[in-house]
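The structure appears below as structure tokens.
A, B and C are the chain letters, set down in written order, and residue numbers restart from 1 in every chain.
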Amino acid sequence: MNQDPREFPQNARAALNDPLLRPALGRLKTHFGAGRAAAVARYGDFEALREAGRDIRDYAVTHLDELLIAFEASVNARGGTVHWARDAAEARRLILSILQDAGARTVTKGKSMVTEEIALNPFLEANGIVPVETDLGEYIIQLRKEPPSHIIAPAFHLSKEQVADTFREAHTELDPARPLTERNALVQEARAMLRRQFESADAGITGANFLSAAEGAAIIVTNEGNGDLTRLLPKTHIVVTGIEKVVADMDDVAVLLRLLPRSATGQPISTYVSVMAGPRGCGEADGPEDFHVVLVDNGRSKLIGTEAQDVLRCIRCSACINHCPVYGAIGGHAYGATYMGPIGAALNPGMMSVAEAGHHANASTFCGRCAEVCPVLIPLPKIMRHWRAVEYAGGLAPKTIVRGLGIWAFAAKRPALYRFGASLLARILKMIGRGGTVHALPVMHGWFAVRDFPAPQGKTFQAQWRARR
Amino acid sequence: MNGRETILASIRARRLAQTPRPTPYRAPPTTGDLPQIFAKKLSAQYADVRMLDSMADVPAAIADILRGLNMAARIHIPPDSELASLELANVEIRREPPGAFDAAVTTAPFAIAETGTLAYPAGKGAPASWHFRPVLEIAILRASSIVAELEDVLAALPVGLPSTLNLVSGPSRTGDIEQTMELGAHGPKALAVLIVRDS
Amino acid sequence: MSARPRVGLFVTCLVDLVRPQIGFAAVKLLEQAGCDVEIPAVQTCCGQPAWNAGADGHAGDIARAVIAAFEGFDHVVAPSGSCAGMIKRHYPEVFANDAAWLARARALAQKTHELMSFLVKVRGVTGVPAQFAQKVCYHDSCSSLREMGVKAEPRALLASVGGLSIVELADPQTCCGFGGLFSVKYPEISERMADDKIADAGATGADTLIGGDLGCLLHLAGRMKRQGKTLAVRHAAEVLADMGGEPALGETGQ
């Protein structure tokens, strides 16, 4: 399977034919879907909370420069350092240089989609630094050399048997005859293996769910506690984050903390919420000596002022992914990109290009379920449609579609011609579909590949209506 | 232009409009017997929550928790902790950081009833990593320090945000294998909370 | 507004071409509900295929023609959540940068309705004199549910049909996989989504699948025909207008 969004159709087909994927995808509804629905029902006025979240994020996105400057000043005041990366390559170089200055050889990592986006791990490895993923799902896929298939549950696509096989292959110092049929045994094994890594790492890298400008804090939420062991034990802590993650202050964060876990897994709060504000304080036993924040643009700022701007509100909860019927059919790897499902469809054509990621915006029925569950009311189908319009205007839409639409539109603007053409078509299709259905046509291969077409009744409504009146 | 100037210029050049600072959001209020509400929420997240009449009951509760989990009669308490003067008969007290199979006893200066959450500002005597290292964390808190919401904790912090503020709402868990929850992923597998009523 | 409102029926291109009896059913229901129904001859398509494909020029041209043809009526009614949704929710978006047409689009949007919600909410219809002694399951189209807010009204009307019992799908919120051009651009994904919906419908034990959007119904009926499945498919308007004796989708009645 290829990490190339242009290969979406083939990758989707492969995913549809993968029997191992189906039980995992079934869990989207039973676990994520049911979880969110229950949490929303218990909350009270969840709509008011969504609107508050949207307003907080809109304020942040439309005051982004001001808040980033305030954030930087607050971090500096606490003895930390902020770095600004225009693109993935610059972010990688900045992170490498911080690690090299710190003399770091091993680095533990909390889950960070941005580090996935900038392809950090292979770059560190190529430069003699060993990154160790500590989120259990990320650890598993790191061992398997796979990309994540979901933004909060990276190993979502795997069965426990697949995980057990991976552990047997990777943890060679353990007794090969040990039983690994229970999930709990797998978790305890990972805990033991990674505890050593936490304790010996020279540096820790985390992402940030939010940045708070007034206090100069980065906030992460986990259920495992791995993010905390990543950043509290080593000497150096680097937060790698998108520029759009900043909000005005911790009261704004408190509101968003009500939205994020409920929308993601249905929890009222994640087990661990960690507010990290600078290097360790005077007299403290734990915490980094050096606190760095790397702010990554990588195509985000260029969405400001466009019809896609609202996508910058995203708090990366994954609700849209969990409720998307297309993701529910093909899973995450088919998208071939860091961000998948509806948020991927809204982001990737902008952050990458329409030429590269056009399929993401096109592989949607616009059912609207994503927008219905988005905690910050991002109009996701509207943004996907915008990318389709950019694609169409740029001459990048498939020629058959453009031609077909051209013919259709030509007729649709000429009522008499349309009525004539429709009558003819209705008669022809009725003849072809004599048994009631049309089984094949020399056009519309996509339809007839998997469906018949119920034959028309033979005369159009308009023709019959004129005849009656 | 460096990265900072380029990014800021890009943001400023493209911005079309600004939305105003929103009016502060009020969550559905958490009112009533806050310690009860807190205890109920945290118990629902697989924590062992007990109400005690006074600090004098703490040693027996600790011993009982350790016995119930089949653990050795040994706990770790941070040096310079509020609990430095705690005395337990027949339970060994260690001062170094707990290992992956040890028990730690900590004090929570605040707790949040809305979500069943312990709030730990880091500081001298309150090392942040102790909430993640051991297999069992026993948290002691006064009933009067339980507030309604996170916003109340933020407002109550004496000198603003410390270098680390940890919010803990249960033992460590993961759903990363087949979306089925297992406890004890990296942090403690067990969390016990002793709520001490004030005299 | 007169006692008998003037309703412009937006027939929809699929109804016109493939299954005109849905149009006649709509006329009958609207007349039964005390409306004077007119069918502007110039109507062709609402422009949604062009709009969804990002062909904004074509969409604008078609939308202007629809607005001009229909804005004189008291109400515009379509037997389709998808076409009604295009006019009501998306025409204002088509003309976001054209103040004059935006005003006209908004005015038309205000009085555009999906058929069954119009009957129940605007005309106060509580029941229909129809018979259809079958167990049916109901398919909510995504546009009916999310763009037009239609959910209770079809069920209320169907409940009044003599002999008819409704059994709900286990998962009515999940898209059937039609999505207009999506069905031909990504046929295998569309197929999987159809099969999931069909399995859900099959599990209800219903004899007939009823829905309010012909696009979804053609897609599901076509897939079932390919698989040799026997669950009948009809548009709700036909059943409500007591035309349930006609051949179902893809059937000739022979």
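Definition applied: a residue touches a chain if its C-beta (ideal position, glycine included) is under 8 Å from a C-beta of that chain, and two chains touch if they have at least 3 such contacts.
Because the structure is a prediction, the values reported are computed rather than measured.
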item: Chain whose Cα centroid lies at the greatest distance from that of chain B; value: C
item: Central subunit by CA centre of mass proxy; value: A
item: Centre-of-Cα separation between chain B and chain A, whole angstrom; value: 29
item: Distance between the centres, which are taken as Cα means, of chain C and chain A, whole angstrom; value: 33
item: Distance between the centres, which are taken as Cα means, of chain C and chain B, whole angstrom; value: 54
item: Chain A partner contacts - residues on chain B that touch it in the complex; value: 2-4, 6-8, 10-12, 14-22, 24-25, 27-28, 41, 45, 78, 97, 100, 115-117, 122-124, 127-133, 149-151, 154, 160-180, 182, 184-188
item: Complex contact set, residues of chain C against chain A; value: 11, 13, 15-21, 23-24, 39, 41-45, 47, 49-56, 58, 61-62, 65, 93, 142-143, 146-147, 171, 173-175, 177-194, 196, 218-219, 221-223, 225-226, 233, 247, 249-252
item: Interfacial residue positions of chain A with respect to chain C in the complex; value: 9, 12-13, 16, 29, 325-326, 328-330, 362-369, 371-372, 382, 385-393, 397-398, 401-402, 405-406, 408-409, 411-413, 415, 418-419, 422, 425-426, 429, 434-437, 444-447, 449-457, 459-462, 464-466
item: Chain B contact footprint on chain A (complex, rising order); value: 24, 27, 31-32, 43-45, 48-49, 52, 55-56, 58-59, 62-65, 68-69, 78, 83-86, 90, 134-137, 140, 153-156, 158-160, 163, 183-184, 186-188, 190-192, 194-195, 198, 215, 217, 223-226, 228-229, 232-233, 243, 248, 250-251, 254-255, 257-258, 265, 268-287, 295, 297, 301-302, 304-306
